[in-house]
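Each of the next two complexes has chain A plus one more chain, namely chain B in the first and chain C in the second.
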Partner chain A sequence: MTEFTPKLVCFSCKFGWGYLNTNGYKNQLKNLIPVTCSGTVDTTHIIGAFKEGADGVLILGCPDSECHFQTGNYQARKKIMLLRKVLKEFGIDSGRLKIALSIDPEGAQIPVVIDAMKKEIKNLGPLRLAV
Partner chain B sequence: MWDAINVGEACVESAIKQFLPPCQKQCPVNEDIQRTNVLISLLPEDPAQAKDGLIQIGDYLFENNPLFPICGYVCGVCELGCNYQSKGGSIRRRLLKRFVSDFYLNYMDKKKEYDIVKDKENVAVIGGGPGGLMCAFHLSKKGYRVTIFEATNRLGGALWLIPHYRLPKLILQRAIENILRIAGIEVKYNAKIGEGKLTLEKLRKDGYKAVFIAKGTPAPRVLTFGRDFVENQDLEGIVYGQTFLYEVSRGILVRDYLGGKKVIVIGGGNVAFDVARSARRLGGDVTVVALEREDKESKDGIPADHEEIQGAWEEGIRIIYSRGVNKILGKEGQFDGIVSPKCTRVFDEKGRFHPVFDVNDTITMHGDILIITVGQIPDKDILKKEGLLDEYRQLSVDPLTFQSNSKDWVFIGGDVRRVGFMVDAMRDGQEAAESIERYLKGLDLKAGRKKEYEGSDIPQLKDADYKHEPNVVWLPPDKRIHFQMFEKGFTLKEAIEEARRCLCCGPCVSCKACISVGIQEELSSVVVHESFCSGCGICVSSCHYGAAQLKAVNSHLVSSTDMFKCKACGMCVSACPSGARESTGSDMEERISEFYASL
Partner chain C sequence: MAEKPKVAIYWLTACGGCDEAIVDLNEVILLVADAIDIVLWPVAMDFKYESIRKMKNGDIALAILHGAVRNSEQEEMAKLLREKSQLVLAFGACACFGGTAGMANFRSKEDIFDWVYRDAPTVVNPNNNRPQTVFSVNGNNLTLPEFYDRVYSLREIIDVDYYLPGCPPPPDLIANAVFAVLEGKLPPRGATLAPSKPLCDACSRNQTKPQKIEISEFKRIHEVEAKDDLCFLAQGIICLGPAIRSGCGETCLRTNVPCRGCFGPVDGVDDAGAKFISGLASLIGAENEEDAQKTIDGIDDLAGYCYRFSLPSASLKHKNKEK
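Moving on to the complex of A and B:
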């Protein structure tokens, strides 16, 4: 049996993460989707990711009270908190959905946080949906 | 570091009516304040890495406002328009700009000269103050051969009257020298118009096709009571504020010059406070006598800035409000004191300066030195000789184009037209440059120039989410009685923090900071699919900018987007329960579905 490599989707806010990295980190990290604001990530995007076969979803937003669009990061966090509870009811471990609020202009931390989450998911094993 | 694309993309577009951030609307030269604030907020916290970005921000500001390194020390008009004022204090834009300026000046000394072929007409600029420099810079940049005729042996005009504790001499000199060098402007010093053979006609004969006169207000306004001149202004020990500041700036009056002397300063404007605080620094025991009331909010309130008044008070300067002067007392040809009646009203109902006094309530003040700082006036004799005044002895100038009504090749602006802030004179210079270019090209001087801007509203947040302004750090009063700077500038970290506090009230089209540094590819927008919309209004509550609105269509409510206010953040899109809102021009959905397909 081949080793399980978790499939992770990462939504990252363009105003907080990696905007100074001009070396095209977007293309290097295939599982990264830069978004205008973490607040624009919809529950349907997250559920969609799980449905399509992702084992985990990570959202990177700006630090508290420093959202370029005022409260997008707060909205995102609120949404994630609620969604984690709902997913749990469907047997999806809340460790599969995470949000990190911080700032990293160079984007050097992006692969680091992605790898850290991948490791955790590896312990959880592949996601098996009931349907 | 990013490589900002600064091809004037964000410049205010010449629409007839446009929304602007209120700070930019307040700024007479409509500087791109929001854009540069956003860029500062995006800088990395490591100074070595941030340097490159700061230079790019400086270069961008320099293109439209080459005097910005000076503005960062003395202006701050924009802060009066800031929406944050009532919610925790204006964004400290002046200090942000001073921060950029301090970084930029070192680089500016090495900045390359513009590579321009000067093959256009000769233009003369009379007066090398902020108005003249601004006009000369903008014309020179376009290929006109500009010569500044400066009456003294240094450029800067009235900027030299700003005490060095507010504007260090070196900053002023370096900024101006670099403007001249970079734009390739020629200067003739000690060339005073109206003196010797130098007249407008002579300039015309010498091949100058247009002239911009920005010769400022070299003469002090004399003290009057009602309509009458107050006698005895020629006594020993009486000086006009402007003369005093001039001598301080030239280094004629040195430390302890006023040691142990009682100094009375007449006036309530910023210049009067510059005088008072300079006199205090020269050792004087200073009292300011102002006509206006202490309450700045009232119609008769004192015009000086709050910070000036507070600073003066801290330094031990007494301020006496609501008092005029109806008599100057002398003793053996020497100034002895003033008789000062109560002023009960400064401006009449129509807002005209028309003070009323109660002569039964007078006090007598004794002193050694009297400094009269009640305003400045232009030298009208020369203007009259050149035929630029109308029958009422007023300058006859078009207020939009600054073109003289009597000589079409002469343009007039700056303090000589109307006394204002430094940046008002700069605006005049900038506009005159535009007029001169149109005039020399034979174009319509007025077409499309009258712009009306509307200030954007403040984004709506919970009160607790508005952040308080940072404290300005001044040296303690007993340690700042000298002519060095006493206000501490921002560190990089403080500047980033303050720039992040900016709410970016203005519309995206007048900013485009994110596009210039490649965060966004283009400005997206949000469309509404009306057939899906139930008119629930969730989008309205999710929008901080008042862009999502409900409108009535055939008796039911439908959501709509005000494109002037929309920032396309997508908050409404993710909030909409029925998928009626969609971001356009953003590749997010496409990327997501592409990516999901690959899973």
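Moving on to the complex of A and C:
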């Protein structure tokens, strides 16, 4: 049996986590979606990612009180908290949706946080949504 | 005299409220009855399915179908009426989005059967009998429709030409829809025969909505005495108005009950529940993680609020089985 490699979709705020066009991470990482602000990530984008086969979704936003657009990171965090509650009712483990608010202008930590979440998702197994 | 257009009215997984809404057209129904020839309406008149089967394809001008699809008989009837009808109107929230019955998709078929035939306190079923599609008695086969794994909205089963949402649809929109068909003044196929703006746009409480809403504690409508002139969300009461289509006549709001979402998403949105979550997040006042989590933990059955009428037509249509 082939080993399960989790498919992770990561929405990453360009302001907090780097533009990723100079250091080559964008080419190394599949399904990495730079966004203008974590607050722009809509619940329909996240649900869409799960429907398209993602085993997990990670959102990277700016740290507390450092959002370029005032409160986009807080809005994203509340959105994720609400959505995790709803996804649970759909039988989707809340560990499959995470948000990290921090700063890393070079984006050097992105592969690290993605790998860490992938390890956790590996324990949950593939999502296998039947929709 | 030219033959009157034939109309079929049929219920699938439905409560009968949509039929009642048609009757509630009052004197308008007399005009409608004069203009059309009703060929099927199980709740009100006696017709035989066989006479529908004998019709030519397209013989029926309009089939008004209400209710969701949960079993094989309903699927068969929906497909038969689609075949025989020029136009199919999904009538009411259940046909349009799956409706209240669609909330059963948060449970598996097995869970539902276990409760209904074994675990509910009023059940006495020592042999653990369950419904079978075929059961033999004295050499005769008795049959029942197959209960499907989940509830389907009508458009998942057949092509639907028009949608008229609501639980039930209000009389003015019903009359408009019927006369639009009779007069051939219909919008493009696939349209919803209701306004396209969200309910907040039609809500009188919109005028009194504060500049900024910051909910720190959610309350359910039966737990408080809600003010009847203030935005429900400003009172910490979940109201789906921002994400739901207007046109219902605001009956709930006028009786001091928040919107539950029976008119479904506005144009261009498929999943009103998911959109509502995005909007609701911005109304939660807490900005530190702990307070926000506490506020959100205090919401009872958020998924039920978001998908009370629309689960089968949402992006995630039913509960997933995590291993």
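Remarks
Heads up, the rule we're going with is that the second predicted complex is superposed on the first by the 126 of 131 C-alpha atoms of A that agree within 3 Å, B and C clash if a C-alpha of one lies under 4 Å from a C-alpha of the other, contacts with A are read in each partner's own complex, and residues count from 1 in each chain.
Keep this in mind: a residue touches a chain if its C-beta (ideal position, glycine included) is under 8 Å from a C-beta of that chain, and two chains touch if they have at least 3 such contacts.
Since the structure is predicted, the reported quantities are computational estimates derived from the model, not experimental observations.
In the superposition on chain A, A:92 makes contact with chain C only, while chain B stays out of contact range.
Shared-chain residue A:81: touches chain C; no touch with chain B.
When the shared chain is aligned, chain C comes close enough to touch A:127, but chain B does not. Once the two complexes are laid over each other on the shared chain, residue contacts for A:47 go to chain C alone; chain B is not touched. Of the two partner chains placed by the overlay, only chain B lies in contact with A:14; chain C stays clear of it.
With both structures placed on the common chain, the touch criterion links A:66 to chain B but leaves chain C unconnected.
On chain A, the patch touched by chain B and the patch touched by chain C overlap at residues 42-43, 48, 71, 75, 79.
Interface of chain A with chain C (complex): residues 42-44, 47-48, 50-51, 64, 71, 74-75, 77-79, 81-83, 85-93, 124-125, 127-131. Residues of chain A that touch chain B in their complex: 7, 9, 14-15, 19-20, 22, 30-31, 33, 35-37, 39-43, 45, 48-49, 52-54, 65-66, 68-72, 75, 79, 105-106. Across the complex, chain A is touched by residues 1-3, 38, 42-44, 49, 459, 461, 465, 467, 500, 503-504, 514, 517-520, 524, 542, 544, 567-571, 573-575, 583, 586, 588, 591-592, 595-599 of chain B. Residues of chain C that touch chain A in their complex: 106, 271, 273-275, 277-278, 280-282, 284, 286-289, 292-293, 296, 299, 302-304, 306, 315-323.
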